[in-house]
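Note that chain A is present in both complexes that follow, paired respectively with chain B and with chain C.
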Partner chain A sequence: MTDTAIVLPRARSELGEILYHLVRDPLGLAGLIIVVAIVGSALLAPWIAPYDPVAMNIPDRLQGPNAAHLLGTDQIGRDTFSRVIWGGRVALKVALPTIAGAIVFGLLLGMIAGYGPKWLDSLIVLLFDTLRSFPTVMFALAVVALVGPSLNTVIFVIMVTSIPTYGRVVRTLTQSIKQSEFITAELSLGATVPRIMGIHILPNVLGPLAVLAAMDIPTVVGLEAGLSFLGMGVKPPTPSWGVLLSDGYALIRNTPWLIIAGGIPLILTTLGFTFLGEALRDVVDPKLRGKGGK
Partner chain B sequence: MLTYILRRLGLAALITILAVTLLFLIIHMIPGDPVSTMLGPKASPELRAALEARMGLDKPLPVQIGLFFANMLRGDLGMDVFTNRPVTTIVLGQIPYTLVLILSSILWSAVLGIALGCYSAVNRNSLGDRLAGVLSVSVIAVPAFVVSLYSLLIFAVKLQWFPAIGAGEPGAWGDQFHHLILPSLAIGLSWVGYIARLVRASMLEVMGEGHVRTARAFGLPERWITYRYALRLAILPTVTVIGVGMGFLLSAAVFTEIVFSRPGLGKLVIDSITTRNYPVVMGSVLFSTLIFVASTTLADIINAILDPRIRAGK
Partner chain C sequence: MAVLDIRDLSVSYSTPRGSLRALRNVSMTVPEGKIVGIVGESGCGKSTLISSIIRLMAPNAQVGSGEVRFKGTDLLARSEAEMRALRGTEISMVFQDPMQTHNPVLTVGQQMVDIQYRDKKPKAEKLKRAAEMLALVGIPDPEARLNQYPFEFSGGMRQRIAIAMALMARPALLIADEPTTALDATLEVQIIKRLKELQDEIGCGVLFISHHLGVIAELCDEVVVMYAGEVVESGTVRDVFHNPAHPYTAALLDCDPGHIKVKTRVLPTIPGNIPDLVNLPKGCIFADRCDKRHKACDTRPALWTARAGHRAACHLIAEKETA
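Coming up: the complex of A and B.
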């Protein structure tokens, strides 16, 4: 009689499970690598960037890529590569609080709308529809026209116009979870509403929200860069990707390198987070496959 | 049907009223006031008071909102600070440029996107389908102004195939069309990918439904089923998305108009902000909001006409 060893698949934690599926999807893996590279270089900017991003060096102005300046220099000799790396910090500084704020308000309003009485639901949905009825950039410009361009203005405007995106998803999910049998059972056992919200509904909406947030980051980063490009966001000499593109636009007939260098991180950010978000969505909820958000 | 349309129009009116009120309130809540913005910090108190009175800013807030609505209904959005022309006239003069740009982008991206999505759905999981999928996802979220700048750099500055500036000579159709190509390309690019993926997903969904199976059981040719039945229903989400996407298109148009120095709503807003021409900024934002609300409403109504399920499923 020999012992037959039964090899059970090793149990993974939930996060480990998600990561495992992510890296098996080629696009998901590519997305993860790009995102880690962008976020990593933004966090480590003071150590990675070869030059001070705002230090002028007039003799070396308007150079093309070379050994000393990997992406060339701008009109006052600042190193473009260093500015691109530091620009990642500005992008994250806008994207993170904006999305965090939109998620918090979206969760709150969405759960109230999904769980609360019908009239409150209608009222909140109407509020969402109203907030969504402004073209974001136009709304941002209206506010900037009054308070002047600043990082906080950009964060405020994008956050306010993003709340409905998160709120609507939370509302729909809350409504469907509310009707499931285990909630009815919990209620009959005397569970309180805060308990149901906190223990049953919240964990179930976080997954889809994470996917939505990953897909939303490029939009927010793009908006920040866009407003800064128009001179209505981050002010020079702060190295934002949009400011870089704006400098490049002014010098488009002198050098193509500023525009090329300013656009690439935006395209990479977009690709990285979109691939990651798509892969994450397939892992978190296979049912949502192919229903991307714009 | 009529009830649905009337109800949808009522909702649109309500949203418009709320949006305008909200815009008004936000403007009043945030620090900074239009008078200082327009006159600068060194203006004399008399001058400030005179401008405040002219703009109705000296009255209580509810009265201001009421007046604003009353004037809006008469088409009066105030006067341009510099030229003293009505804001409505100025904004209406720029809207056609922006609409032509947006509509041409929608048109070419919808034609290409629907064709691509149709191909992907029919040849599901083929190499072409996968390639189209990766390409679509890649172009979807690239910001329109980056595409604008790159296409300006490549096709206008380096290759000089297309003009870099302006909208062309008024009346010269060929010239205007030539000026429209690059901006329209830049705005539409991300929509090709988006529409292709949407059409693919909804076609695959429709192809699995009962009425398509019945049609197949009746022996109708596959081609007929694909284009006559599946595509018709699969286009529905596209209509909605274009309607809702109007906000994104309007935003993208702002950047593209600046990059290509084209006249239009976006250029008007930016120029007015730079010159602190406050009433024109507000007028343009208001009109773009109206266009957005109108297009989402229209998309919903078209959807209801095309799809009996929406009307019945109320």
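Coming up: the complex of A and C.
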């Protein structure tokens, strides 16, 4: 770097800047397209889905893919393609509030633990460790036993078990940023603790956290599918990818199509969000921007 | 009147080995509008001194005694909120490593606007003020550069930005903690010149820490030599550099490559190490490494006056007077 660095007028906003660099990265573009496709089809399910996802059509049951039923039908003749699209709604309905909640609580607890006094830090870390020590499924079983299976139960269980993941990352980042010289420099220029936390630590934490969240969405969707598969999540006839998988598993001797149809969206979601997360990691850091190609 | 008047300051750190006495009875003053240099090798207490002035001390640091009087009132007696109000407005600081002193994810403009949070001015005016300051420290095209991130600047420019931020509120005291150590020699000269010009214009007192003796000689009016947590010599730059009264200062000057006239294979060093600050020696703190050690050195010397305004903590001065 020299004193005569090129002066670029930065006309784009921060978000525009991130988007601009994201679509220039092939991986990021692929991730973005997949994610937009999944989210879009979930949002527009009532218009896109060719059939009612819960309408039975016994004569057409257990068909393979054909012109009328793109992904075939299940044992009571429901259109699998429609069910996959509607299942995306359930997946996102679980993933978004879960991740949002986990980020908010993770940020709050993690930053307090990272910046606050030692005893508070120990207390919060103890809380995180306690939460993490529950196997998610066992915890879910306990909650389901108490309040019964429902979508909200799934959301609650996954959110609570995800908080420590975010909280720990935030705590570690906060601790290391707190030690940086620029924080001391800001303090020596009279910055207050809320300003240090909000203006200086938070933006440094958000980038890595966004990446973590993007990569975590498939895990959450998978967890929802898993819990539904075990019968602890959404109840039939509501279509969910997990329910599709569980139906497909039962009928795997009759037709492989059901389990394939339930698996494809899970794989796509995982790939899409992981690509997006990887690309985001390079893009949110202003220093790595525009240096694409690894 | 002195902007900064440190009286008899002692600071110690509690460590597993016991109390580490990082500063012992340090007294020094920064007169209004003057530049005072502090010299000393690593571990002599420079950083502890600065952090106790600005009151950003490590959690295990304790002030044993003394006062840090800023414009006549003791900073050590102030509340945290009062201190915060002073930082950045009355007392500012420039740090050693310009690559580390800026928030990497915010633009320079955002950071310079942010530190003006105490002013109730519209943002456009704050940006204008930031651009003015950047121009003042010699950054070309300041308006456009406000939109850039710290990594888009070179080290020298970042240090100028740090100086601009520190001087934004025209403080009465600027503490510069080795601001040129991380820069190369040409930049060092530029930054020193600019600092001197700005100091002339703003009229602030400057406490300048460095182990580069040439820089101190160039920039400072007065110099304080510290060794192992004590002030061993203080006086005007001319007196201290031309007639060092303490053997440590003399040895330090001998070791400065700038002073060595004859070609040599081995650079001179001061043999030995600084004493253990947990178990302090009884007598003179420098005695173990001193080539003028004699019997009197087993007792602790006071800061004696060698000539008007020039003081050193060495028995030789007292002996010369009585002789």
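To be clear about the criterion, the second predicted complex is superposed on the first by the 264 of 294 C-alpha atoms of A that agree within 3 Å, B and C clash if a C-alpha of one lies under 4 Å from a C-alpha of the other, contacts with A are read in each partner's own complex, and residues count from 1 in each chain.
Criterion: a contact is a pair of C-beta atoms (placed from the backbone, for glycine too) under 8 Å apart; a residue touches a chain by one contact, two chains touch by 3 or more.
These numbers were taken from a predicted model, which means no experiment stands behind them.
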First (chain B), second (chain C), both or neither touched by A:Thr130: first
First (chain B), second (chain C), both or neither touched by A:Ala67: neither
Contacts of A:Ile267 with chain B and chain C, given as first, second, both or neither: first
Which superposed partner A:Ile58 touches (first chain B, second chain C, both, neither): neither
First, second, both or neither for A:Gly207, with chain B first and chain C second: second
Contacts of A:Leu15 with chain B and chain C, given as first, second, both or neither: neither
Chain B versus chain C, judged by how many residues of chain A each one touches: B
Which of chain B and chain C A:Ala142 touches, first, second, both or neither: first
Touched partner set for A:Phe182, first chain B, second chain C, both or neither: second
For the chain A and chain C complex, residues of the former touching the latter: 1-3, 5, 7, 9-10, 180-182, 184-192, 195, 199-200, 203-204, 207, 285-287
Sites on chain B touched by chain A in the complex: 11, 14-16, 18-19, 22-23, 26-27, 30-34, 37, 134, 137-138, 140-143, 145-146, 149-150, 152-153, 157-158, 194, 197-198, 200-201, 204, 241, 244-248, 250-251, 254-255, 258-259, 265-266, 269-270, 272-273, 276, 278, 281-282, 284-285, 288-289, 292-293, 296
Residue ranges of chain C touching chain A (in the complex, touch as defined): 54, 56, 84-89, 92-93, 95-97, 100-107, 114-115, 117-118, 141, 144-145, 147-149, 151-154, 156-157, 162, 165-166
Complex interface listing, chain A residues touching chain B: 27, 126-127, 129-139, 141-148, 215, 218-219, 222, 225-226, 229-230, 232, 245, 248-249, 252-253, 256, 259-260, 263, 266-267, 270-271, 273-275, 278, 289-292, 294
